[in-house]
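Handing you this structure, nothing more for now.
Each chain carries a letter (A, B, C, D, E and F) given by its place in the written order, and its residues are counted from 1.
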């Protein structure tokens, strides 16, 4: 039994509140255990300079934490005047992951801005951000598709993320909270599509290493978790889920 | 009748959810109409260099908006690498106002960090921030006073803020929403104590001017509004309100 | 009697040297007691991006202090790489105040850049800046109006500013010098037009509060002071003053 | 056959020139095909503030490219005044990877600064940096171990990195050059120890996805490549290689 | 005859007003033709970190221009958030030059901060800054020497600077104004001591070159000019000049 | 005899490897004793905004050091977020010097970007940069002249630089290494054309001064050294040297 009485392959309780804010084209508040992230998607009828004139769209993401999302107050990046390496890594990951399930040609020459603002952090903020941002983005694109009568729905498949790791006491554990994450020997983040293919796989030994077999074990546990998470995304999307492919059985490995 | 069916001296509906986040010593979510601000108060057992060794405490505030708190997405100040003049003005105002009702000697050599993060904006974000931050700060200081057995409760009186202005159609109006604020000829913010004294009074003709009589009218309407707001603060504070002076009748003018 | 032998409602000696520098379209050196500010006005035949194509002009201001304008040397903002909150507040105030007395349509699509550089500081630098900048701006606009044969003179009325405050020993005092300002309980800045209407009113309790009656007293004393200051502006402008409305009696309150 | 006549599992020619510069404690010039990186290791007898007083050492890395290491000139990060997200990601990866094979307690309270400066880029600069930096670091630590008579040699095992990917024409290919990398559907970087365990595994679908089987194929090909690379590291280290564990057979998968 | 009716070896009229400001330990307003610079010297009882504990003093300089010191308004360096290369070059030159005539041991462990702020520019601002800063520094050090009863007067000799150049029409000309400087083929700045020795000699062909003979001619003309300038410095210093060596005849060349 | 057994007027051994890198239009590795600099020249078919539409070209230079080019590791300017004054001075000098021997009209409306990256430093990095950059630039322009069939070869003459100084023990010494430079009383850099004319002459007393005669001595020694350096440049350029004027005898002084 883990600290919060979960078994090693259990997810934390997850909720996704849609249309959480009045202004953005798409928005959700996603809660994963005590981790809470506001994800918004904004449609901008322009693309960055390097994309202009190609008739293709773009998706870009920013990630931030409120100063007191954490146990100790963090200095704001705006006060420091620069963005931390960790923040950059996360926001690049979110943007890259979302682009992998969007048909950028079908989106047309416009940008979807994703903003993930962590209100409260208890581990897994980057994977919660991806999972929530997928829903916010799909809501915004559905609204756009309707207004502009896009001939093809630009979102091709579901996308969700989860963390998995290895801790001294329990071996492989799924969906680590902050206490577990701090003590983990290995930390892995998996981003997967509804069809069960990998988009990103990032495994890191934290001043430790891991074997080939341990890698396979971590992947197996994550696969199961992502299946549940995508069901929650489907429910949150309601009617809009019909525009996505049916959520197949995740491929067994 | 105003756009949202209020009369000129009506406040918008206001709620103050206390202990909104798990980590900060004090936190609230304040909603004023559609304006929503997360206010947190963090206790830091140090003071800034210019205050060291005086045995006195300090209170400082930061203010920010989520990029999509507004109708158009705003670029993050962390991305721009600098803080806008408007942000600086507001955070200086919040800090200064809160310090006016705190006995800094009684607080002891520590800092209360206030963070006001606007989740959704519809006018009056700076006054909602002050009103909410007062509650978050008082909650944090109450916890501190208990833990450290402070001999004197450092918060001396209530503190709340409201906006008032003049619009073409209705003259003096209280608690402007965004649409009203954009069209206002005169914009005034008042910060007042429970005892009915001014802490700040900032009136600005927006490419317009105002007379002495109009100033008096705006003050009169605000006084009434602040009285109601402080009652809501008292309720939100619950038991802790007993440590504050009784909320007197606001002095008539 | 105050530190410098003034009575409570006395202004400090004030001089306004016009055409102080050879390059700017308008320039003054304003001295208010020991406070000295160089104010320049530069005409730029462009407007900021957000104003383009509207046929209207813009007025913007920057404020700075020489490092040794003060008793202790200040680090330059260019060395620190960022502008202090206080500086931003002041330069936003100066620009906003000047715009309230200029007909921006009559100015045409051009910008007046105001620069206020404090050479020596002894209290009241922001109000001296506004008072001096008004003269520099009017000189520059008069030159422009002549050269471009503008059909309507864009400056609509006089504009001047003064500080007033409350000190322990004397109660309400006008035009505070640095020593008085440092010890003041309440600090207020008033910006008024020649017609006696308010443009800005900013009163701040410095870790103190003030009553309604005290507000009225401060306003009354300032009204008188501003009347004298505008007379000095009129003299400094010489012939150009004829393009402005006659300097009426300031409305009694 | 690939563009440069290699088969899919072939590495590019690799050379490691040790003691390339006169000043650093350890330095190499590593060439992998046309990619050339200067890696230096500097010993600093201090640790960062968050590590002080723990008796442990630290390893940190910086990565940069000469402006004309690439086909198009890049603007220097010093001119832009900020470090790109990609640079941050890479330098965090290098530092983390090296720390996984160093006994930080045995290193003592000092920092090894790694600098990887890309002189010429043709794909695989981050993996060449890790491979070269391992040698530079081991040279520097060997010198330190000698001078300070460290009781235990702090480097625990070999460490090397390689890229692998999937391209339309050939499927899985090892050690991609720039032309291949630009066209790759999947891009993966593997960092491994001499004992054949993973330190990092980062696989990214570039607007594409990959299956479980493809992941296994990429890992298998990389394992073989890393074996050869570590042999080259061993040769470059000469006598110093004796302080490291024998370079075992990489575990088959 | 030159544009302003000077002959080729004539200086422009020069005045040095001492004790121009009330706060700094030493201050002057130096006017050289239409060029006007406020030079201040501030004593700081600390030295920079790299000088601590050596018992020696330091002299450092900063240089800036008001935005409208020039014909076209310049953007403030504080607004741009960085200091231009030209500014850095000038302020390094001023500091280095002043240090060459000061006995830093005799100064004791303290810093003299020099600030040169150009109020109005018409060529030769860097040389006017050095000439004026020498006087401001000597005034400040004289005050310090008195207050602290320094056993040895730290200023060893006079120091002044002048520009010389070559223009198409007149060949070698001394003390160029802005119009001449803009058209000059060669631009040289000389900094010399009272004893007639060089401290700095910086000659630059502006997209042109100069011969050995032309160099000698420029030096000869400057020598004469500097002699006059130092006489003016001596007069400005009044009684304090007695603490300096007698102003010898400048060595003929 | 000097530290490294040279006589006072001896240069250090110098080599210039051309086409050192594969991507830039021109590149060299220049070694002067232990000082090694990679100089590249990149052709950009645009000019900076202030040059547009004039049909003329531009040459601009950047200079940097690897962090461990020196005995102590230097913090990267990209990490500090700003460029040091020394760096700015050097890169402005390099650009200005190169422009003096190029016919910018003949170059056409394009920019030559020069990058000088010091790989290893042992004194004289700025002069080695100029000498090497001249060769890299000439190689790039020769390629351009060929491809674009420029009617006139834009490089007008050779350009090289050397340092000279005065040290306590030996008096005037040529081409100082780091140990000599650190102890020098006077430090001078000379930049000269193939025709023997000065482009730049910068002499600095390092908290010391120098006489007229010493200036002449330093110039004489440098003249001889530059003659040898230009011969090496000619050899490095090979066939391309034919496009330059014959390397005349340097004018005796």
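Please note the rule applied: a residue touches a chain if its C-beta (ideal position, glycine included) is under 8 Å from a C-beta of that chain, and two chains touch if they have at least 3 such contacts.
Being a predicted model, the structure only gives us computed values, none of them experimental.
Colleague: In the chain contact graph, what is the shortest path length, in steps, from subunit A to subunit E?
Modeller: Counted as steps through touching chains, the separation is 3.
Colleague: Which chains are in contact with both subunit B and subunit D?
Modeller: Where subunit B and subunit D share a partner, that partner set is A.
Colleague: Greatest Cα-centroid separation from subunit E: which chain?
Modeller: The most distant chain relative to subunit E turns out to be A.
Colleague: What whole-number Å value describes the gap between the mean CA coordinates of subunit A and subunit F?
Modeller: 52
Colleague: Between subunit A and subunit D, what's the gap in Å when you average each chain's C-alpha atoms?
Modeller: Going by mean C-alpha positions, subunit A sits 29 Å from subunit D.
Colleague: Could you put a whole-Å number on the gap between the CA centroids of subunit A and subunit B?
Modeller: Computed from C-alpha means, the inter-chain centre distance equals 34 Å.
Colleague: I need the residues of subunit C touching at least two other chains; which ones are they?
Modeller: 81-82
Colleague: Viewed as a graph of touching chains, is the assembly arranged as a line, ring, star, complete set, or other?
Modeller: Graph shape here is a ring: one loop, exactly two partners per chain.
Colleague: By the touch definition, the chains form a closed loop. What is the full order round it when you set off from subunit A toward subunit B?
Modeller: The cyclic sequence of chains is A, B, C, E, F, D, beginning at subunit A and stepping to subunit B.
Colleague: In their shared complex, at which residues does subunit A touch subunit B?
Modeller: Those residues of subunit A that touch subunit B are 21-24, 27, 34, 38, 40, 42, 44, 62, 64, 66-71, 73, 76-83, 113, 115, 117, 119-120, 122.
Colleague: For subunit C, which residues are in contact with subunit B within the complex?
Modeller: Where subunit C meets subunit B, its residues are 82, 85-86, 88-89, 91-92, 96, 99-100, 104, 193, 195, 197-205, 207-212, 215, 219, 251, 253.
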